[in-house]
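Input: structures, listed below.
The same subunit A turns up in both complexes below, where it pairs with subunit B and then with subunit C.
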Partner chain A sequence: MATMKIAKFFVNVAIAFLLPAALAAQQADQTPAAKPNPHMEAHIGKLVGHSEAGAALYYRYCWGCHGARGDGNGENAPYVTPTPRNFVAAIFKCRSTVTGFLPTDEDLYNSLYRGFITSNMPSWKALTAQNRADLVAFIKTFSARWVTEKPAEPIKVPEEPKVTLESIKHGKELSTKLECWKCHGPEGRGDGPSASTLTDSNDQPIRPYNFYTGYRFKCGATNHDLYKIFMTGVDGTPMPSFADVVKPEEAWDLVHYLRTLQIWHNSPELALWEGSPEGAAIVKDERTRNRDTGSGINP
Partner chain B sequence: MMKKYVVLAGIATLAFSGAAIARPNPAGGTVSGKVTYEGTPAKMKPIDMSKEPSCAKMYTTPQLGETVVTGVGNSLENVVVYVSAGAPDDAAPATAAVLTQKGCRYIPHVLAFQINQEIKIQNEDQTSHNIHPLPKLNREWNKSQPPGTPAISEKYDKAEFFSVKCNVHPWMHGNFAVLKNSHFAVTGDGGTFTLANLPPGKYTITAWHESYGDQSQEVTISGSETKTVNFVFKAKPY
Partner chain C sequence: MHLLLFSKRFAGVTGRLGSVLVFSVVVLGLCLLDCHPAQGIPAFARKYGLPCSACHESWPMLNWFGQQFKDNGYQLGNDRDAPIFQQPAYWPATFRITPFWERNSTNKQQVDTATVPGGAEAKVTVNGFNWSGLDFHTGGTLAKNFSFYCLPSSDEFASFHFESVWARLDNIGGSPWFNIKLGKFELDNLLSEKRILTLTNIAGVYENYHFQPFSSKGVPENYIFGIGDNQVGLEYMGHSADDRTRISAALLTASDSPLGAQPDVPYASAYNAYFAASQGFQVGSLGVQRVGGFAYIGQAPTYYQYTLDGVGVPGTGAGNKGFQRYGILGIWYIKNFDITTIYFRGHDSAYLGTNTASGGPTNPTGALPTGAQAPTWNGGLFESHYVVSPQFILINRYELVRMSQQAFGAAAAVPNPGNLGNADVLTFGMRYNPFMNSRAGMAYHAEYAIIWQKGASPVTNTNLTTGNLLLGIDFDF
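Presenting the complex of A and B:
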């Protein structure tokens, strides 16, 4: 018994000496820095998250990529494309709020839950809802913007109208007028004339979304999510907000049209489009001529 | 005899009027000077606008990049010269600072304005642009502006120098300078600048160039005199 106690004591001493050395052996900037706002809360529906509880979760699951200082410079960051989110800069892609403004707590929670398709950010469904709420609260401790800026109002998304051929056709006209094709390409394959020159706000190369290869987006998978994407802009990337130049009713037309570009995904929009002579010809052409000039991946 | 007096009177009038022009506001002093470079600046590359025919057709000669714009006598354009210390902050003026997108260029290449001053961004081209300023301290937003849509109105609340780009047209590149007071100028052709209406005091005048960095000099104004402050930047060959 006594020997066990002594052995345990020496093991603890050994750890006490070795652990600081192990930590120091990592990159110098992994020391957690002083936070601008150490105590934050997150409110998602009835759920309340606390940053104190989120801290332990963050330093277990997140800091490998997002870094001890939350600036996206974790140990794994040099090997990860796209680069991990920088919570100190607090510019977020997936929001319900106007471009240039912070997301809502719910936006952050949803991003955690979904993960980011075609990136290294996994879905965190495996954690509990309380875990995720606590993590959202902790993420908010990295930037003073959460304290100095007023919380932004989410945009109003009107109810989605019925999918009709007129809606799809109008959406097609809109997408030509708004010149979406300059980046996304005429068939939405991410191969427009400007596609290869795009860089994000950190000067890293980035490709536009390719409608041909997938049905999920960076910021969700529903029509509602798609509506929000171009009405709030994907901040930090070349994708701008069209909120000032597209009326809400028109925005739904664009959503319905964009779904018809996802020719490998069964949607009511695609079914309706294929039922029309114009749509049937276009979809058949895209399915049979596998030019595959798009980016192939959705960064 | 009369002729001599007339001539003398004429010269006196000219001298007085000249003096009046040099001191538009007798209550303040003036700092003026010239910004030049030494060494060999990098050659600006011609811009290939073939992917945007609606803009390419507006030009008969290839347009050059505007990162370094030089002139006669080694003068340097697009340098923001401003009072970085010694002057109190000023309230934003009511008039807006205007940025125009024309021929797939930003006009002016460097837009200097004050904190909380309205900036108006207009699109005079037949193509859509997206305006994507890239500040680090201020809010980063990104808005699409198709042709024929109204001007975008925005403002910034923190002093900062940052670039503006259009993602659709990668050669489009401009700069915003958000400043704290009303004493600033952007050098044009000839590289000269004038900062007028400076009350007596000790000032730090800073000159900023997007590629060559910034440098400062101190100057003291005691009355309504004009002090000359020149800046010489070291050109980079690349």
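Presenting the complex of A and C:
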């Protein structure tokens, strides 16, 4: 009798554990809708990413915003500004390739590592390099563009010339000539006359970059990154490529000037600019009128 | 943070009815299962729009991304962390509670001799429905690089205490290597007890984190300490940008129960210290592995300097004597399977081990009893998880504690048996999240845990075995 009782108890315990487990496993096997490219690879240096491995990572980390179908319509998408990237359209902001072309695998990998400031997209540097490579491969399964098109060669970024006062002043003139102020504002605060009218490729309102509040950009933090932003544009946003308008050395002048707008971030450009009478007056005036409140908005 | 404080009262259902209830709970659970895709503190998930699975291997256990988020002061670092970027109505609050059914069996529980012919211990098995205490988490950022946490926590009768209260200065000078936390907080335990995946009164805590040897048969040590308990003090913590390297050091006020009495009241002008360091590294496609170590160097009073009406005056503990806890840890990932291994070493002063005052009116010379020696012990933990999917995790844990030196040795009038207090704890469990989103969390939880401890029965001081089966719905919002 006692043996029977013990046996019944363990049978019940087994049922208690195994039935939910079986059902859960069955549900866990549910796969999302078929994708244009079921198997993709990503090549970043010696790393090879596989979409099969990336799928599990995607459905742990990414689907809430980017959606199970990669179309940027995850359940949180309505509450996220700017809207999550649509991998089906395969239009990417941060590229080393010319505007209109697909990015390289390394571009996507770097985006995952870096994250996107002033958005909900965090840095995924806590994942392993292999994880990120696998995710890049999986992202490429959502759009047929990755089969029908090839990424262009990355643009060549010439060596950065030495920062000079002349370079900064020339960059300032170029900024006026190219009408950067129309969107970014005369002081680079993202408050130009066109700012309130801008929309992205999803017809969602978008704000121009505010140089005043940060030193990092969506597509990197270095002068090299800023140069690439000029020359490749930020696809899917109103920020065009200036590759056909400015020469490489002029682009560097613009980089040097724009750094001086980041008055809370120490840089060689800002130091040089502050050393000139014109720059000192401008920077002093900016700092006097706008103090860091510590609220987190200012750097 | 989840404290399961269990009632001693159970519904009086036994035997066949109990078995039927087990089955009924399972059927009920199956009926409730839904087919949404799976999720942590939903206050963070709601803020950032990330599913719980982004930060949790299975909530509340963190994955490496979640650990980085926590170490960074609950910030993603995308310049949208300050509350100024949230809707004014956003309130970083979450509650968590667990209704459950459980079956608890103890082979030797103290009872009146009148009810047990020939003895004062009896096997007692009870089962019934119950519920846990409530955790009310509030935490996040006050501003960029200023974070906080406040956790009022109750037992099942809504008697609250503050489980956690702290503020933290994050990334001081723009460096992740410099963070300062002040308040009551969980130690930087590499294996977090507050994020434990098991809920029974046996496996809801790590045995090694709370183990204290017997002074002698049937007599526990007077001082109480658990490395898994939240402590009060100041913590420095630093980490690399990718969180692979982590170091911390904390200066703490001795705050566990003073001589078994006043919880949460500093009981002596004594400071303790805790150190932890670990390094993560990637091994091919297996994942990020982590190795590390920790050390707690503490002291506790052995008597009260002053009494009032014969009762010790809180805060006047004196005659401090030392105790230490050390450990080395490895967290090993093989893709979806992970195993955590820890080696523990514990050491108490002979005064603490034998409950002997090192001075004062009862023992002015501070002499130790004959045969008194410092109790020391070794412990081990092996915990494994298999993550079937972000919604479903299988859990197994085995802990053991082995005394290497008893408080009363061979020279004592009544020496302790060499294995007195040795413990083994085995746990199996699973958690399944029927849905996973950024708004709320829920898990069907099934768990069985059993503990064997030498000489721990309350009357005869023979071997004690206690088992606990728990089936519940763990949820937070």
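Following the convention adopted for this analysis, the second predicted complex is superposed on the first by the 259 of 299 C-alpha atoms of A that agree within 3 Å, B and C clash if a C-alpha of one lies under 4 Å from a C-alpha of the other, contacts with A are read in each partner's own complex, and residues count from 1 in each chain.
Just so we're on the same page, a residue touches a chain if its C-beta (ideal position, glycine included) is under 8 Å from a C-beta of that chain, and two chains touch if they have at least 3 such contacts.
As the structure is a computational prediction, the values presented were derived from the model and not from experiment.
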| item | value |
| --- | --- |
| Subunit B versus subunit C as contact partner of A:Thr99, first or second or both or neither | first |
| Partner chain in contact with A:Asp235 - subunit B first, subunit C second, else both or neither | first |
| First (subunit B), second (subunit C), both or neither touched by A:Glu75 | second |
| Touching partner for A:Ala89 - first (subunit B), second (subunit C), both, neither | first |
| Subunit A: partner with more touched residues, subunit B or subunit C | C |
| Contacts of A:Thr197 with subunit B and subunit C, given as first, second, both or neither | first |
| Which superposed partner A:Arg60 touches (first subunit B, second subunit C, both, neither) | second |
| Partner chain in contact with A:Ser143 - subunit B first, subunit C second, else both or neither | neither |
| Subunit C contact footprint on subunit A (complex, rising order) | 5, 8-9, 12-13, 15-17, 19-21, 23-25, 27-28, 30, 53, 56, 59-61, 63-65, 68, 75-76, 79-80, 115-130, 213-214, 216, 294-297 |
| Residues of subunit A that touch subunit B when the two form their complex | 89, 91, 98-101, 177-179, 182-183, 193-194, 197-199, 201, 233, 235-245 |
| Residues of subunit B defined as touching subunit A within the complex | 51-52, 127-128, 130-132, 134, 136, 139-146, 149, 152, 167-170 |
| Complex interface listing, subunit C residues touching subunit A | 15-16, 19, 22-23, 25-26, 29-30, 33, 35, 37, 48-51, 53-54, 64-65, 67-69, 76-85, 141, 143-145, 241-243, 282, 284-285, 287-288, 336, 388-392, 394, 428, 430, 432, 437-438, 444, 446, 448, 469, 471 |
